[in-house]
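Have a look at the structure that comes next, please.
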Amino acid sequence: MQTRVIVNGAQGKMGRLACETINNHPAFQLVAELGRGDNLQQSIIDTQAQIVVELTRADCVYENSLIIINNKAHPVIGASGLLPPQVEHLQTLSAEKKWGGIIVPNFSIGAILMMHFAAIAARFLPEVEIVEAHHQQKLDAPSGTAMKTAEMIDAARRDKKNALPLKALIAGARGAHHCNVNIHSLRLPGILAQQQVIFGSLGETLTLTHNSIDRSSFMPGLLLACEQVQHLDKLYYGLEYLLAIE
Amino acid sequence: MQTRVIVNGAQGKMGRLACETINNHPAFQLVAELGRGDNLQQSIIDTQAQIVVELTRADCVYENSLIIINNKAHPVIGASGLLPPQVEHLQTLSAEKKWGGIIVPNFSIGAILMMHFAAIAARFLPEVEIVEAHHQQKLDAPSGTAMKTAEMIDAARRDKKNALPLKALIAGARGAHHCNVNIHSLRLPGILAQQQVIFGSLGETLTLTHNSIDRSSFMPGLLLACEQVQHLDKLYYGLEYLLAIE
Amino acid sequence: MQTRVIVNGAQGKMGRLACETINNHPAFQLVAELGRGDNLQQSIIDTQAQIVVELTRADCVYENSLIIINNKAHPVIGASGLLPPQVEHLQTLSAEKKWGGIIVPNFSIGAILMMHFAAIAARFLPEVEIVEAHHQQKLDAPSGTAMKTAEMIDAARRDKKNALPLKALIAGARGAHHCNVNIHSLRLPGILAQQQVIFGSLGETLTLTHNSIDRSSFMPGLLLACEQVQHLDKLYYGLEYLLAIE
Amino acid sequence: MQTRVIVNGAQGKMGRLACETINNHPAFQLVAELGRGDNLQQSIIDTQAQIVVELTRADCVYENSLIIINNKAHPVIGASGLLPPQVEHLQTLSAEKKWGGIIVPNFSIGAILMMHFAAIAARFLPEVEIVEAHHQQKLDAPSGTAMKTAEMIDAARRDKKNALPLKALIAGARGAHHCNVNIHSLRLPGILAQQQVIFGSLGETLTLTHNSIDRSSFMPGLLLACEQVQHLDKLYYGLEYLLAIE
């Protein structure tokens, strides 16, 4: 018997791809594609949805997440707009109800592995810089992934190596300084999303490169979340737990 | 008080660098630089060496290792000439004596991390190829590191994906086939030793690149082995245990 | 006034993109999208087309090209199925009529620059290998671009350096041997089309990398061909002439 | 008969390598290795040197160059300390005397090709960023090569594309802005000198990468300059003329 899934935020690029992916998977039945103006609560009740994939980017992610949990659907929350106290409250609520859910800031398994490896390598090779490149429609720099990678590197380093002082003939040459890691952001056509983490040591370098050329790279992670979320007994943060990398 | 160290095989490129590195380190005293024609056993007795760094490439590695252990010096064996039953016998002997030693096929911490990460990534991204590039004096292809990486990948893959059949308009285009991994070997000037492990998945790639430009890349691993070998109670294989990556 | 354009082979991936691109360009009017079963000659007469973009992959490219020229439309021939004597005959015919046309084996400006630079670099750095990577649906290996690059390199090299003999522990490790250049072909998901040309010399390497993530990379070259083809007085081979790189 | 060569500035890393290279070449005889305190003029007279390789880094490059020309030796000037009016005066002097010489800011043939190709590619692909990486002893950022590359790119671009405004969440993320090209400078151990010039266009990227792992990469260019300098009839700037790339 198929699991009934709603996609909320179905009109965006990611939403349309999610609908197509779930539609094509034998284990799932796409019971509703919702957008602005649709009533999420009513739709969960009407369709008896077991999972809601929440992909809206708006300010309503938190309210939507409450609705999903309170109406006994399992949330797979791909939106990035939640504040730390909101995450905490949703996790407390889910734990009380022993109710499975997952917040997924990044569905790409390749990107998660890159960050995981970066944190391990930083223990042995503390001198490191990050180069990330994205399409020109991306307005913020550095990317969220680059900043999170820098934070994970800094937390893992045993020798808290200070990066070199940011001397430069021209301001900006040595990049942005975040958590003692220099980050360099390129914005060019012909690239979707790319990140390099370059570790330098005596006579050698170790470079981790993730390159995403298509949003389809998020679909294996999305399916994994949908397959596992009903078997969880609290609200997890990040796909890492499901991957069981350790 | 300094630890007394002999370097056996001190005339090779690696040996000279090892002598220089140990000489410059405050914790160690280089008590002998031995080559062909020197008597290793006599030298251990005369110098009361506590550690022997064994870097000879010849057929005498096994005999030298026995001499080192039987004369109560701790062996750091960097040579690659040992056969599996020889390794096993040395390990049995060391275990009986509760005597610390280490065999190190690769002293580069960057290369060890690359292989370790490749084995983890292969569990999630089973489709992978290896490209290695070395200087033109390297006669064998693929490199030992590439073949070991392929073996680790294949052992870690849960889905035993067969690589595509090796169709090619021109023989060799799809590389060497080892443990269901295609390996491509480049031999060019301007490169010392380089390896890329490229994982491909839906819409994304994850690439691990190790680049060594100088034999000095082996020295941090050599020093780590010398620092730890006296505290071990058996003969370990590979630097991984000392790194405690897991 | 807009130039009237027919796209022949409009149902393929490339054809659909060509139609969309020409439709969206103010200088052009897409007057017909033809596929199998449509009558090309009749369509040229009916629509008074000035340009035909010929993208069929079938055996009929040569016949179609004759029809286009004889019916006084300018051909932009993107298909790769023409044999050398067919190309020659079409060029002779066009020259007699002083009629402009162009055969474009590769519409990507980046790929053309890569090959052009490879031929220049080979004069100074004769030792070189090629690594190309494509999606797994590509059945042939090496790619046509890789083989053409090798041919251009070999023609340009002043020192006809023989590549090293193809010694390998495992057959295929040293790649395919074409025009004294070793070519290595990877086939992985997550990649559309990629090529690296790696020149090695004493203490340095120079690498040319072309990466295509989307068929849209062919559109600037297609538009350039359509803009220029009416001003030509013979049938050119390759986009190089229009780029005027030299 | 061998050509008599003096190396001035023979004690630096580059100087020692130059002496070794000239010594090992059958066409040349190394007649003096000079350093601080040696008398260049007297040495030219005493040795009847035909060529002086000027590698001093000090403020005396200009005076030395005058001495070399006035004493009828051919200068190969590798030092970078000359100011534009000094270069101009040396060129005027050489032209009057019809005396051959060459100023070589960069002896690496790979680096020269990279810059040459960057200028060509910029005509067709105007959107570009530069990433350069060097060892941590290099104090200035961006590198001189990166800045010269940006200048050459900007001079060659037909569409004077302005780079995106330097918006950044963290200052420096978008790099240094030089001649409408963003430059990113990495400083890490395990790297000697590396530069990537990344051109982005619709659906594709073209990347030129130069990687130098050893100062030996300068020697083919040095020998080329020594072989040709006697046949020149004025003072050239840059190795490009001798390469005859065009």
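For clarity, chains are labelled A, B, C and D in written order, and residue numbers in each chain start from 1.
Simple rule for what comes next: a contact is a pair of C-beta atoms (placed from the backbone, for glycine too) under 8 Å apart; a residue touches a chain by one contact, two chains touch by 3 or more.
Keep in mind the model is a prediction, meaning the values are calculated, not measured.
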Determine the set of chains touching subunit A that also touch subunit B. C, D
Under the over-half criterion for shared residue numbers, do copies subunit A and subunit D use the same patch or different patches to meet? same
What is the Cα-based rotation angle between copies subunit C and subunit D, on a 0 to 180° scale and rounded to a multiple of 5? 180
Please indicate which chain is farthest from subunit C, where distance is taken between mean Cα coordinates of the chains. B
Comparison of B-C and A-C by number of C-beta pairs in contact, larger one: B-C
Centre distance in Å when subunit C and subunit D are each reduced to the mean of their C-alpha atoms: 37
Whole-Å gap between the CA centroids of subunit B and subunit C: 45
Using mean C-alpha positions as chain centres, tell me how far subunit A is from subunit C in Å, no decimals. 39
Which subunit D residues touch at least two other chains? 110, 190-191, 199, 201-205, 211, 213-214, 217
If each protein chain is taken as a node and each touching pair as an edge, is the resulting graph a line, ring, star, complete or other? complete
Sort out for me which residues of subunit D touch subunit B in the complex. 110, 190-192, 211, 213-214, 217
Residue positions on subunit B within touch of subunit A in the complex are 108-111, 113-114, 116-117, 120-121, 124-125, 199, 201-220, 243, 245
Interface with subunit B, subunit C side, in the complex: residues 127-129, 131, 133, 136, 139-142, 164, 166-178, 182-191, 198-205
